[in-house]
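Everything below concerns the one structure shown next.
Note that the chains take the letters A, B, C and D in the order they are written out, and that residue 1 is the start of every chain.
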Amino acid sequence: MSKASLMIKHDVLKESKQILVRFSEVDSMSIVWHGSYVLYFEDAREAFGKKYGLTYQTYFDNGFYAPLVDMHFEFKHPLVHGDTARIEIEYVPVQAAKVIFNYKIYREKDNMLVATGNTTQVFLDSRYRLVLYNPEFYTEWKRKNNVL
Amino acid sequence: MSKASLMIKHDVLKESKQILVRFSEVDSMSIVWHGSYVLYFEDAREAFGKKYGLTYQTYFDNGFYAPLVDMHFEFKHPLVHGDTARIEIEYVPVQAAKVIFNYKIYREKDNMLVATGNTTQVFLDSRYRLVLYNPEFYTEWKRKNNVL
Amino acid sequence: MSKASLMIKHDVLKESKQILVRFSEVDSMSIVWHGSYVLYFEDAREAFGKKYGLTYQTYFDNGFYAPLVDMHFEFKHPLVHGDTARIEIEYVPVQAAKVIFNYKIYREKDNMLVATGNTTQVFLDSRYRLVLYNPEFYTEWKRKNNVL
Amino acid sequence: MSKASLMIKHDVLKESKQILVRFSEVDSMSIVWHGSYVLYFEDAREAFGKKYGLTYQTYFDNGFYAPLVDMHFEFKHPLVHGDTARIEIEYVPVQAAKVIFNYKIYREKDNMLVATGNTTQVFLDSRYRLVLYNPEFYTEWKRKNNVL
């Protein structure tokens, strides 16, 4: 049996979100302040959540919180005020009770890759205790979206 | 000759900064929003810069910008509104034309480690072109502080 | 001659901008944090600037800055995470060398008025000195848009 | 009976808070972005709350929220990165069920007044309904502090 046939085949879940750089996101070097990218990632995560039904509200309605435990940014080229950027977010399937996303940000006018990164979320129950198993609603969500 | 005697001995440059968690830094989970840690790291970097003479103004006065090209955060325990935290920042000596810091954030009341991370800055000249060599002022700064 | 016929008739310059409430804009009361409205007003101002050709870049290209000197907010009803809101911005014609806007924010789902406010900007020259007369480019802009 | 003797004599409740302008608070005009002042007012309000026992937690523990319904800023002189500023906050006694503060921000190095403003908070109960009477804990707080 070939190796390929043993590999788990997941669907690729992704979403894309366009943002316009705000004046307030630019620093005194006249480029987008690195902290603004936290918001760009969040915008992408919310767009993904809306598309696939996995939002903060989904977590909450099922009795969980899903705070970030890890985030990483690499900045390759600066964005400036007035630039339009496109954030591509992709779900990373893992067996652990985690929600992991990869991000790529492109400048729209020339499709230049300006930043990449990733975030990891874990589950806390309503008393803020870490949940080590996959919550049932999340396993269900993974099954439905073919990323189990 | 022993290996130890060949090792470069750098001074350890570090600073510590206390912050009080603001109401606006807390999200609807009632814990500090992950994006707020970008500000905490920045606060620590500014305190370090003041202590050792390596601030945004230092870069600028020497004809350079020093934007972040990489930042990484790991969140271990949540902070809540009203908590006092202590950010410890340490300079990481490298030969490349980079400014690298490690960070550790502790909750003051019980000294619990709540977050760690690091940032990397590079040098751009006044026309925003990447500078691959160590700027003279920076080499001088490293020599003076015994981290060359 | 009637009073009405003596009144200056200006065009009404307005723009409308839709925003989606971000998770990070919500505070631990689970409503949008008051400071987030500063961004909403800014979003509206940028949309207006794009439509009518009066942006930070316009000011800058003509040798001026136009910082805010006054801003006022009234909050009538809370917005929550996931709400869509519509910001309506209207230019307020005045003879003084000022740029004044009125704002109204509505919750889209039921058209409820959630906040109002206004901002005033003045002109500084490139050396940050207050400019008391109307810059030529601005007078020209007012004439062209029939708000002189 | 003279007019003066009829006037209510309140104690003046005030607090002062020093802040250091962060790099991220400065915009591409190299001056503090107007939105940053929302944080400065909040810092002052929290310092006041700590001193006099009237914080978000106080409201919450008594079953109330106290969101802002009005905020106003006047900017007189710009602050720049590295400036130290002093925010003076003063409680404004009123009979209505409101918490009103006046603010003055000074640049420390020359005591120049850079901004003024005020905020008004109202009380909501735990179901977010407006409370028109003074909550008992607040009346008690006013009595204790001689501002009733």
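The definition used in the following text is that a contact is a pair of C-beta atoms (placed from the backbone, for glycine too) under 8 Å apart; a residue touches a chain by one contact, two chains touch by 3 or more.
As the structure is a computational prediction, the values presented were derived from the model and not from experiment.
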{"item": "Contact-richer chain pair (by C-beta pairs counted) among B-C and A-B", "value": "A-B"}
{"item": "Chain located farthest away, centre of subunit B as origin (C-alpha)", "value": "C"}
{"item": "Distance from subunit C to subunit B - Cα centre to Cα centre, in angstrom", "value": "37"}
{"item": "Geometric centre distance via CA averages, subunit C-subunit A, whole Å", "value": "32"}
{"item": "Mean-CA-position distance for subunit B and subunit A (Å)", "value": "25"}
{"item": "For subunit A, residues that touch 2 or more chains besides their own", "value": "23-24, 28, 35, 38-39, 42, 56, 81"}
{"item": "Contact footprint of subunit A on subunit D as seen in their complex", "value": "23-24, 26-28, 30, 33, 35, 81"}
{"item": "Of all residues in subunit D, those that touch subunit B in their complex", "value": "20, 22-24, 38-39, 42-43, 46, 55-57, 81-82"}
{"item": "Touch list for subunit B against partner subunit A, complex", "value": "28-29, 31, 34-35, 38-39, 42, 56, 65, 67-76, 78, 128"}
